[in-house]
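Note that chain A is present in both complexes that follow, paired respectively with chain B and with chain C.
Right after this comes the complex of A and B.
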């Protein structure tokens, strides 16, 4: 067993390193966020049904973008096949709700497990592919799943199915339940990414994205880390698909497995900011505003979305939040480790921060 | 430079290792032993197979045949991250620091394997004082020398027994190379075993206990630096 050089044992000559994870600003953001979520949760009790249904679409797109960002922005897994798990989740709701008889609100989460059950055996195969090949591979798998589902008579073939178990619910119960489930999925996806990134797995993921060879050489189990994120994203996408089906009550393979799902997520992340939690939040708001104001123009709307994406990629390659973060050095969600180089003198008031002793931090 | 001794334990042994990239054979029948507390240097021209050798020991490349033994146990079946847990750490060619992470975060990633030992942020900063004021900086903003110190520090955070250094002086200023070689001497003095791949023959021979020259995937010469003439090294280096 090797020992440290004598020079390294004298730690008294080096500054004490302390790590801060959050500050007063972050705690303020937390309070505001809780207030916003509480306000949003009250919407079904005072707003029009159309507003609640529109918000469900927003929440599902936000959650989808968070998952796509987790895959591509943190684990370097640029998937263009997440529609496979959206579609499986939608059909999972029908299968578990209508065929197996589970309450549709519970079936939403069981549908996520169905997507997970498909994603896990796919992972060892798809992880053998790199870069663009990986992306194309995910798309191919999504198309295979779509074709298989479209050709099964029991699932309604190309015509699809109506989710009768959900349709039979009292309308108020269905609208309110769907809305709250969608809100839960959106908030849950943000919290999931937040806590995941604060964990040692989050740091490992960032290292893998930067350089997987160096990550392996540092002791990171690259396959297991990627598999974990892949599984989480598949499960959540399955739940999102089920919520979408609950909102629309009708599932058709062309729509459920449409590549547009991934395209929306990609657009939201590109304009909002790649590799940040804030980016998909901002991107989802912008995308949704564009959707609401320009969708009446048909194909021109798609053209405008493309132009916006190209302009953003040129002017602010890291998205709006990337630009804001670089310009003003702000972060709403403290996922990184802010290092306080020297411990403040005893008589000085330290910056209020949630600190981690370096001995803990170094063991990640 | 520490002297070699036949009584020291064998840390690493390669037996008849062949490595292929597809149809291309990069290593031919490579065999050697590395003893505890030794600096073993591999020299040779580009494309000779030196980096492939380190990647094979680190577990990033699987041998087609032959054996890699660490402390007498075969490690061929172990993935790279598990070898880090055993005490084998690689400083890859080109540093490969994590550019979007800070210096501090790069270092704590080095401890990811959880292997116990005496190395920590403070001791790395003491070995490479130039890293002390840079802890908050993003690794992408560091100079080449700073990145190299960080890459070595990150490897040390895994508390390795065997340190694999790939082209540590490549593209660095002489003053930085000097500091890195001083650090290597300190590390060997404290019981680490170092396997270093270098093109800078002059520098590496000043610290090596044993040297092997690689030519087209084969060891063309091996011995103690003091026993080898510069003519023999030149001939082995260029295949003359």
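Right after this comes the complex of A and C.
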């Protein structure tokens, strides 16, 4: 950090520059985002119930993709076992809403805590595994949870449970409440990732992503940073699972703990782009558009998604947003610091700093 | 005496798990890549054999030989034409690509063969057994599977230790760049390793298909069991993989016997987690992987 002013001092030929995160573009994005969220929040008051329910699916997928990207794209934790926490959240809604009698809308968040309670103790174990073996390790955890839940009679065994506490709510309350919760989870997950990345932990994560050994030797506590992200992702996935259960009212172990949850998240992030907030956003929109038009083909749809994921990961590993970012040098969310070359000397037309960004956006 | 029976069944089952795990361990050993489609490729081999038997009318023995050859070529082509390009830069790409492959294989198999359970018929050998005593009898077929597993692992160990190509495998595993400087073409070596891994997993898939029924979604479970065998056995040792497979097999059969069907798999997973907690490098680890 201290080297930056030194260079500026003694090199008069170096153009004036400053390091910034937010620019005018970002303030514009902020205003538009707020407007979009407000518009989305009004949907249950004027749209059809089926629209609201479809949007709930979209919001949950978006939040799931954000969490998967936080793990895989930032912390290098390529989990293929997030369905463990989705499923735990779904069953958590039933457990806390139906059995303990909490209001289902509050139980949604308590269900996240249940997922967290499982994620924390397993972390030290599976963090011993690296790369692809870590991935399978997360899957083993999901398998264990699925098998246990399917084998216990109290949770309905293989046939599952109906969330009665939610089913008994007045239908308008339930639909509106579920919709707003889903929107809250989607927006919340974006904000969470955003503020997390701007924090000290975000700095540590970026360092770990780029080179974890170098990060460790620079004093970053790699284990703690990864554990924090792991815990956050598990909690949010639990909440997502609970919202899904609130939307469907029916929970079955095969669906709740399905590997497809991870497959969806992976496709969204791979299509949209790793390691950015924008990537999963774009990916979720594309994925959802495809889902609406192709979902009746079921197996073929999954086959196509698999092919697209393989091609994208091989040919364009940074996804669609990676292409956009490189081509136009834009970022919607100011999470990294950027070197901005100031306007040239006064005899030339002064230009706003944003338009002369150097292409290297240094992730400090 | 039933417990002895249960343990023996578990040991024999472990041989099959080890056979699935060998290819996974070989590929990881040579190129540090975890192939998440490994189990699905084994199931794919079983379907290829089924297809050959059903549509070409060949006997199972010939179908097996043909399938092994096909999977060898598939492995080489897959690594040379796709997976090699994902290696190097970052860890996530091979994971994503092989996971995508897994989804592709599963869904393609469902489209072609439906999600129904299938079986490969090997005839009388499936049903005959050796009666050791009143309560203890060992099926011929599980025993043959176990012997094949030992033979394959022994052959692979000898190949890695003695053969010229095996040395090249180990050299590439130890130091990729130095091996390349010595005139080894790493991309070719990686592709051969994948070809051998898939030839072995083809054997495993066909033996599984004869032993029990199989369906397109089975590959995921095969991958998980293979992984647990590799980690429990210790990386870099094929005999360790066999030990890991046996531990898992015994844990599952004993768990099923003790707690009922459905819990056997849970016990297997819990034993794996216990090993991971107390002995994370496995029992017979040779290489230390960072």
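FYI, the second predicted complex is superposed on the first by the 316 of 364 C-alpha atoms of A that agree within 3 Å, B and C clash if a C-alpha of one lies under 4 Å from a C-alpha of the other, contacts with A are read in each partner's own complex, and residues count from 1 in each chain.
As a convention for this text, a residue touches a chain if its C-beta (ideal position, glycine included) is under 8 Å from a C-beta of that chain, and two chains touch if they have at least 3 such contacts.
These figures come from a predicted structure and were not determined experimentally.
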item	value
Partner chain in contact with A:203 - chain B first, chain C second, else both or neither	first
Touching partner for A:222 - first (chain B), second (chain C), both, neither	first
Touching partner for A:25 - first (chain B), second (chain C), both, neither	neither
Chain B versus chain C as contact partner of A:214, first or second or both or neither	first
Touched partner set for A:47, first chain B, second chain C, both or neither	neither
Touched partner set for A:35, first chain B, second chain C, both or neither	neither
First (chain B), second (chain C), both or neither touched by A:299	second
First (chain B), second (chain C), both or neither touched by A:131	second
Footprint overlap on chain A, where chain B in one structure and chain C in the other make contact	none
Complex contacts: residues of chain A adjacent to chain C	72-73, 76, 78, 80, 122, 125-126, 128-133, 135-137, 139-140, 143-144, 147-148, 150-151, 259, 263, 266, 270, 274, 299-300, 302-303, 305-307, 309-310, 313-314, 317
Of all residues in chain A, those that touch chain B in their complex	1-11, 13-15, 17, 19, 200, 203-204, 206-207, 209-211, 213-223, 275, 336-339, 341, 358-359, 361-364
Interface residues, chain B side, partner chain A - complex	58-60, 79-81, 84-85, 89-92, 96-102, 104-105, 107-115, 117-127, 132-133, 135-136, 154-155, 157-161, 186-187, 189-193
Touch list for chain C against partner chain A, complex	28, 32-36, 82, 85-86, 89-104, 106-108, 110-111, 220, 223-224, 227-228, 230-231, 262-263, 265-266, 269-270, 272-273, 276-277, 280, 289-290
